[in-house]
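The following block contains the structure, expressed as structure tokens.
Chain naming follows the written order as A, B, C and D, and within any one chain the residues start at number 1.
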Amino acid sequence: MINKLVPSLAEAVNGVKDGSVIMISGFGEAGSPIELIHALIDQGAKDLTIVSNNTGSGHVGIASLIEHRRVRKMICSFPRTTNSVVFPELYSQGEIELELVPQGTLAERIRAGGAGIPAFYTPTSVGTPLEEGKETRVFDGQTYLMEHGIKADFSLVKCEAADRYGNLVYNKTARNFGPIMCTAAETTIVQARGMVELGELDPEAVVTPGIFVQRIVEINHPLDESKLVSENWRYPWN
Amino acid sequence: MINKLVPSLAEAVNGVKDGSVIMISGFGEAGSPIELIHALIDQGAKDLTIVSNNTGSGHVGIASLIEHRRVRKMICSFPRTTNSVVFPELYSQGEIELELVPQGTLAERIRAGGAGIPAFYTPTSVGTPLEEGKETRVFDGQTYLMEHGIKADFSLVKCEAADRYGNLVYNKTARNFGPIMCTAAETTIVQARGMVELGELDPEAVVTPGIFVQRIVEINHPLDESKLVSENWRYPWN
Amino acid sequence: MELDKNKAGWSKEQMAQNVALDIPDGSYVNLGIGMPELVAGFVPEGREVIYHTENGLLGMGPEPEEGKEDPELINAGKKYVTAIQGACYFHHADSFTMIRGRHIDVCVLGAYEVSERGDLANWSTGKPGAVPAVGGAMDLVAGVRNIFVITKHITKQGKPKIVQNCQLPLTGKGVVKRIYTNLAILEVTQEGLVVNKMAPGLGFDELQEHTDAPLTMASSSKKSR
Amino acid sequence: MELDKNKAGWSKEQMAQNVALDIPDGSYVNLGIGMPELVAGFVPEGREVIYHTENGLLGMGPEPEEGKEDPELINAGKKYVTAIQGACYFHHADSFTMIRGRHIDVCVLGAYEVSERGDLANWSTGKPGAVPAVGGAMDLVAGVRNIFVITKHITKQGKPKIVQNCQLPLTGKGVVKRIYTNLAILEVTQEGLVVNKMAPGLGFDELQEHTDAPLTMASSSKKSR
């Protein structure tokens, strides 16, 4: 029987290795799988490359992962947000690498990684400092850059509901990078606000087909990351 | 006020010109917008390039469009289906062009066209006769082909329900090429089995966001193409 | 002649209204963070405009009432928003299909600098050591059909923001179509910057003086309305 | 020695069962049109296998009861099918993301010819004037992790289908992993074709005689079960 539900956060993040490439869903706090990230901190893997739109806020979630010196390199579009303190400090000290990627190019690179497309051409960032070192090519008189697909060893994704096959639906703008990141990892690990029976998700409205998901952990009441940040919490809690 | 509903099939296909590139949704008969295709026959444009998975069956729908000598070129993956008689005959006489594209490459080229991606690399059809004339390139030791995005002047698409903004949902496997074709045309023309009020479609379950749709015509009881084919109907009906 | 360039001319709200008047009925519009957001408040009666936010919502509505904020319903600036009837959600790749695929009609952005050829610099102050952050700005300028810039005509230090050549790192080359400042509305054309309209009480020479690129008057331009 | 090669060995159903036994629990599987479809009928008790059809359905179920056919619920062969509990629908680009992105575990296909290096010819008979039609075959062989071929060992004319070099236009190069015929189960390896199992009553020499490529016995292979 197919049942992708695992009983604990620790089992969910089992097997992450030093040096792994990990995609983490979310746009700011919306859709960020904070419990999975904290489980990853507990798990201990280091030298990670993290692919995520932002670098986290305050001292929880991705920011805490970075603060614990587990991250060698960030691939993201917007590393500087309100309340983002950890990354900027390490970055200015030269202690963390940054690959800055325009948001749409980041999304398309992740989608390409998941779709078996090794590279594609895009008009985005042509003529800007971000085209540096990239191949350009003219199609129909317009210049484009070649960009490469990105694959990950693991994706950590937050969703609203899941069934045991791994079919997922999301909530509003918390969907953001989740569906494409599910497609681009060898092992996709999902935290779901609720598990439902097979057939409860409308087959016309499933956003992530189960084929893209390997493990699910149920977190009925995920932490409100914005609140933790505004109250200045730090993970681990002690 | 935004209202993409047009009152008639004739108005829906208005403006198609000789030489237009037209995408037509459907996989076999499922999802094929037969009323729009017949309206296009009535409209009279010729020298068309048609992008569609198949070449139609019997003497209705795409087959009838071809039989009326309106199609200069087909871009498709499977031009030969049971009951496909019109295309094979014209093809064997050298009276219609064929660009044969593997189905997944066809889908990805359409998606790329809609997403502003002029070209991408794919492993599909490397080492086969279909790689002929195409650029190859090695990434990470594996050989890929470069394929180009396809754009259309018009897309003709069938869906299940639409609202006045052009948000669409589909029915089962009749979805197939519809959503990506909606993104890839200058003007997307949809036939919907039913119009619904704004807000009736679940915003989490909309498959085609309205931004990709320009015109909708309501066809509550579309013809059953398989039945027409098996009963050997011909369009026009007389 | 000295005028208080930051206070002179149109107010922020009037600038936003100038932009809103130029957005046709039925447009799909992406508004940048900050001053561009004001544009949504000035859509003329009878026009329906649909707002896209690149984090996955088409049909963005106004801020929620207090107490109705949903942390999973935000805009690209990470502020709480609402969704209108007829809205829909989608993932990031689909969202940037809308942008890169030229499906968005208008994007209104702020600027550090705009050149007479429509080059835009609005993502990096170029300061060494600062953390660079680009977000969706480069995608928007590369993909949206009409890029409108809304900005003060000069910096707080009195330096022109509209220039012959941008000094700061570019967001995009030759991408801006029209510039809405507190002093004027400028069109970027093949022949350079054309003044479509000037703020009330402002003379052409004054405007030129505060612009680091040659201006020409549009034949049909009105000095004010 | 002459044996009736078309009747000898395993039946179609036994061939399908041989394939089904090699598909692990929890696999995502795409079945080609024709003989491959039989495989779905032989999934061993206790295993759950999910079927993908490239026209946009994951969780394809068996044929519908008579009278319950839905023209908008079909498989890649355009036959009426059903959807299981837990199925979902998607568009063609997403469907081929599953294929090209190596998310499908097993694809079972028919063949005109298979070479000892795993080259597959199954889309074109190469006859001049015929309408070429490829469908999703090239995408499947390029993207699916395990390509299994199910085919009669020889043609109706008695010609070997398993050959040193394919004569017909290729669907893919070096893509086939295992070949299930009425006479044997063959593994494609770096060292050539290895016999995993032979049909009951068949000798190795006989098998080799009807195969246009050198075979070796797997050390652990059983002559029958």
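FYI, a residue touches a chain if its C-beta (ideal position, glycine included) is under 8 Å from a C-beta of that chain, and two chains touch if they have at least 3 such contacts.
Please read all numbers here as calculations on a predicted model, not as lab measurements.
> Touching both chain B and chain D: give me those chains, sorted by label.
Touching chain B as well as chain D, we find A.
> Hop distance check: chain A to chain D, minimum number of steps through touching chains?
Counted as steps through touching chains, the separation is 1.
> Have a look at A-C versus B-C and report the one with more C-beta pairs in contact.
Comparing B-C with A-C, the pair joined by more C-beta contacts is A-C.
> Indicate the whole-number Å distance between the mean C-alpha point of chain A and the mean C-alpha point of chain B.
Each chain reduced to its C-alpha mean, chain A and chain B end up 34 Å apart.
> List the centre-to-centre spacing of chain C and chain D in whole Å, with centres computed as mean CA coordinates.
Inter-chain centre distance comes to 57 Å.
> CA centre of chain A versus CA centre of chain C: separation in Å?
30
> I need the residues of chain A touching at least two other chains; which ones are they?
Residues 108, 111, 115-117, 122-123, 170-172, 204, 207 of chain A touch two or more partner chains.
> Give the residues of chain C touching no fewer than two other chains, as numbers and ranges.
83, 89-90, 93, 96, 99-100, 142-143
> Looking at which chains touch which, would you call it a line, ring, star, complete or other?
other
> Every pair of chains that touch: which are they?
A-B, A-C, A-D, B-C, B-D
> Please name which positions on chain A make contact with chain B in the complex.
108, 112, 115-123, 137, 139-140, 142, 144, 148, 169-172, 202, 204-205, 207
> How about chain D: which of its residues touch chain A in the complex?
Listed in rising order, the residues of chain D that touch chain A are 25-26, 28, 46, 48, 50, 52, 58-59, 83, 85-90, 93-94, 96-104, 142-143.
> Spell out the residues on chain C that touch chain A in their complex, using ranges where they run on.
53-57, 70-75, 78, 83, 89-93, 95-96, 99-100, 119, 124, 129, 131-139, 142-143, 169-174
> Quick one: in the complex, what on chain A touches chain C?
The contact residues of chain A facing chain C are 27-31, 77-82, 87-88, 91-92, 98, 100-108, 110-111, 122-130, 170-180, 207, 224-226.
> Give every residue of chain B touching chain C within the complex, in rising order.
1-2, 111, 113-117, 163-165, 167, 183, 198-199, 201, 203-204, 206, 209-212
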